[in-house]
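In what follows, a single structure is set out as structure tokens and then discussed.
As written, the chains take the letters A, B, C, D, E and F, and residue 1 is the first residue of each chain.
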């Protein structure tokens, strides 16, 4: 039995509250167990220098934790004057994941800025950020559609992410809370789209290893979790692809 | 009539939600109109180098805004690699204000870290931060009392802050929202304690000035607003000073 | 009796030496007691990006202390690689104060850079900087007039600043030297123009407070000191506003 | 046929030249095709603060590219004053990979610093760095054994890394050169030990995806490549584990 | 004839005003023509980490220019957040030069901090800094003698520095002002002690060269200038070495 | 007898391996004794802002050491986030030296970037960098000639650099290895062109001095060494000036 009584293939409770902050084009608060992340999506009418003139857009992400999102206070990165390697890794991961499901040509020379700010952390903040950011981004793109900046919703698929790991006591488990994560040797983050395709697999066995069978178990758990997360997204966003057909039939 | 229909001496709606984040020793979400600030107080068992060995504590504050707390996305200070002058000014102000109502000897060689993170901004974020941080700090000190780190609540008075200004149309007004603030020439932040004493007056007339009569009007409005804010604090915290007498009679 | 024998409402000796450094458009050495600040004003033919195309100018200030302006050597900010919060606060204050008395439209798309470098400190460096910088700026604007960059002296009023405080022994006093400042609980910096109007009031009672009567005493002392400082300015600059009428009558 | 005529499951030519630089405890130049990385291992007699007093060691890695390791000159990170996110990601990956095959208790309170400096890049620099760094680290630990700092070679397994990808023309391929890498949608770096166990899987499909069958193909190619790389390591290092048994039988 | 009418082997007018700033242990204002540098020497009772426990002292220098020391305003290094290469070179040169004439054992585990702040520049600021800093340092060491921190004046020789150059019109010249310096191809800074020995020769011919005969001319001019500078030092400091004998005969 | 058995006027063994790295326009590995420096020259089709529109080019250099180029590991400058004063000094020296032998008008609005990366250090890295960089730069300019970017080889002379010093035991010596350098009081770097003209003399006697006769000895040794280094350059590059005459006779 896991610390919070879950089965090994059971997600924590998931809520996605849309329109959480009033200013951004898209905003959600995603809550997964005790992990809470504010995900905001902003649309800027220009692209970074390396893309200028290429008639396509860009998606970039920033990730941060409030100092007391964690049990011990963490020093603020703005006070240190630099962003840690961990933060950079997560930011790059979120950006790549979101870009895989957006038609960048269709958004034109615009940048979608994703800001994921963890206000309370209990494990799985990077995968919660991806899932929440996907919803915030879709909300922002709907706003862009209303403003006639894009003429259809330029989304190719749903997208969600979760973590899996091999715990020395509970074995392969889905959606690790912090207490599990800190005692797990093998840890894997999986990002998938709505067609059961992998966007990203990041598995690491610090001071541990995993074999082919264990890998298969982990991938199976992740697929189940991502199916459920996409159901939560659908409850918030509706069915994107029927809507989109309607949109494009005009 | 002000843009949101308030009278010139009327505060916006104020809520202080205690225990907002689970990890900090003290945590509140303060909402003033559409301004929302998470105020967390952490207790660390050491003091900065300049105070070591002096048998007294310290209170220090950090302030930050999420990039989309504002109508336009603001660049994250951690990405810029430095903290702006505005942020530093606000941090120093919050720290000074809180230190004025705490018995630093009584908390021993400990630091209270105050983190004010603005998740949604609509004017008055620095004064909302002070008011919210006061409540978070009292909650943290009660936790310290429960843990026998201090033997009474080392608070000398209530504390609250508000902004006042002279608007070219509405005249002297209390508690400016962003729309008012951005069109106001003279702007003043006032911090007072529960004994009607000033802790801090910061009045500035960029490209404008104010005379002695106008100053008197502004100080009067501020006093009224601070009385009302302290009533909200009492509703959350109870009556601190009867409690404290009881505590110290043991 | 105060440490240097002054009455409570008495300024230290004030000298303003014009044309102190040969290169700047305007330059003074201001000496107030043992505090010495070199104030240089430079005119640059462009404005910061946020003002481009708006047909108005800007005034910005930088403030620094030589490492041995102080009794103990202070680490150089260029060596630390960053500017402290205190420095930023002072820089912002000087800039705001000067902008309040200049017709920014009249100077066109130009920036006036103010550099205040404290070569010897004995309290009151930020207020001495404002007073000295005002004179350096007027000298620079006269140079601009000679060069036909502006067609009248775009100054709306005299400007000066001083500090006042409540000392535990001497009570309310004007123009604190370092020894007084370091033992004073309540400290206030006041910037006023030549029409007895406030530009800035910054009063703070770190670990102390002040009531309404004390505030009135402090404001009275400041007004007296600022009147005297403006007399010193007039001795250096002549009567700006008769001159200006003459100038504009051509 | 791939651009350099290789079969899809064929590694480029691999050389590992030991004792390349004279000063480090362990040093190799690893050449994979046209990619050349100097890998140096240094042993320092202390550990980072978070490990002090725990009687175990640490392994940390730094990675850098000479500005003209690449076809276009890249700005030096020391000139920019900060390390990019890509560099941090690679450094963290190299460190984690090496720590997975070392008995950190056995090396005592020492840090092994790994420096991977790419002097010529043609794809696969991060995986070449891991493979080269493993050899340099073993050479350094043998030096430590000679100096009686450790009493056996504290290595648990061989370790190697390679890249695989799905190319739009050639399909799944092993060991991508830069020309292939830049036109490949799905890219995966695999780190394995000498027991066919995974240490790290990092697969990403920027603007692309991969399904379960494709994943299986990629993992198969990687395993073949890693077997061959470990043979090259054995040619340089000899058979580590017979040696080690002899050592531990003393 | 040179621009200011000097002969080719003629120094500009030199003044050294002792005790210029009240706080430092040693302070001078050195004026050479229109170049003015405040040189302060501070004594700190500890040495940098690399010297701890070695029972010897250290001398380190910092150099800076006020933004309007120059005809065009220079950006402040504290605002840029870093010190330029030119500044670092000068700081290292000043420190090396001063260390060559001090008995570092005799000053014990103390650091002499030299701060050279150029308030007005007209060529030759680095050599004026060395000459001025020597005098400030001797004044500080006399203060240390009075305080019984050292039991004799630990100075081995006088020290001075000057610049020489080959001007396309005037030929080899001594003590270049800015106007000459900016049109001179070959430029050399020479530091010598009171025994006609070289401490430092830094000669550079950017986009130009110099041959052996020209080198001999330049060295001859420098020697003459340094003799005269040492006479100015003696006028301020008195005869150090008779004094020192008296001191050591006690 | 010197530690490695050389005569006092004897260079270490010198090799210059052209085309060491494949990507740069010019690349060499220079080996002087055990000192090894990779020198790469890159041509960029633009100049720094201060030269734009002036129809001339620029040459700029960067210098770095791998962390284990030295017996003890040196912290990487990219990790420290800043470049040391020593590195800046060397970079400026290399740039100035190379600019003295190039016709900057003839290269047009282009920048030649020189990267000197020391992979193994044993004294004399800055002078080896200059000598190696000269050869890499000539190779790059020949590439520019082939590409018709320049119509003749815009080189005015050969260029080489060496170090000399006064060793307490061996007396004046040429080409110091690290062991000699670290025990030598007076140390001088000399850069000369192929016409026996000085480009740069940097002589310093930290905690020591040198007189006129010693200076003459040092300059004589340097001239001999530089003659020999230029012979090595000619063996790699051929006779530049016969070639150039041919080129310009077209």
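One rule holds for everything that comes next: a residue touches a chain if its C-beta (ideal position, glycine included) is under 8 Å from a C-beta of that chain, and two chains touch if they have at least 3 such contacts.
Model, not experiment: these values are computed from the prediction.
**Student:** So if I look at the partners of chain C and the partners of chain E, which chains show up in both lists?
**Tutor:** Both-contact set = empty.
**Student:** Please report the smallest number of touch steps linking chain D to chain F.
**Tutor:** Minimum step count, chain D to chain F: 1.
**Student:** If contact pairs are compared by residue number, which of E-F, A-D or D-F agrees with C-E in over half of them?
**Tutor:** Overlap exceeds half of the contact pairs only for D-F.
**Student:** Which integer distance in Å separates the CA centroid of chain B from that of chain C?
**Tutor:** 29
**Student:** Find the geometric centre of each of chain C and chain F from their Cα atoms only, then give the gap between the two centres in Å, rounded to an integer.
**Tutor:** Those two chain centres are 52 Å apart.
**Student:** With chain centres defined as C-alpha means, what is the inter-centre distance between chain C and chain D in Å?
**Tutor:** About 61 Å separates the centre of chain C from that of chain D.
**Student:** Got the chain C residues that touch at least 2 other chains?
**Tutor:** Where chain C meets two or more other chains at a single residue, that happens at 81-82.
**Student:** From chain D, heading first to chain F, list each chain in turn around the ring.
**Tutor:** Listed around the ring from chain D, going to chain F first: D, F, E, C, B, A.
**Student:** Residue numbers of chain E touching chain C in their complex, please.
**Tutor:** So the residues of chain E touching chain C come out as 21-24, 27, 34, 38, 40, 42, 44, 62, 64, 66-71, 73, 76-83, 87, 113, 115, 117, 119-120.
**Student:** In their shared complex, at which residues does chain B touch chain C?
**Tutor:** Going by the criterion above, the answer is residues 82, 84-86, 88-89, 91-92, 96, 99-100, 104, 188, 193, 195-212, 215, 219.
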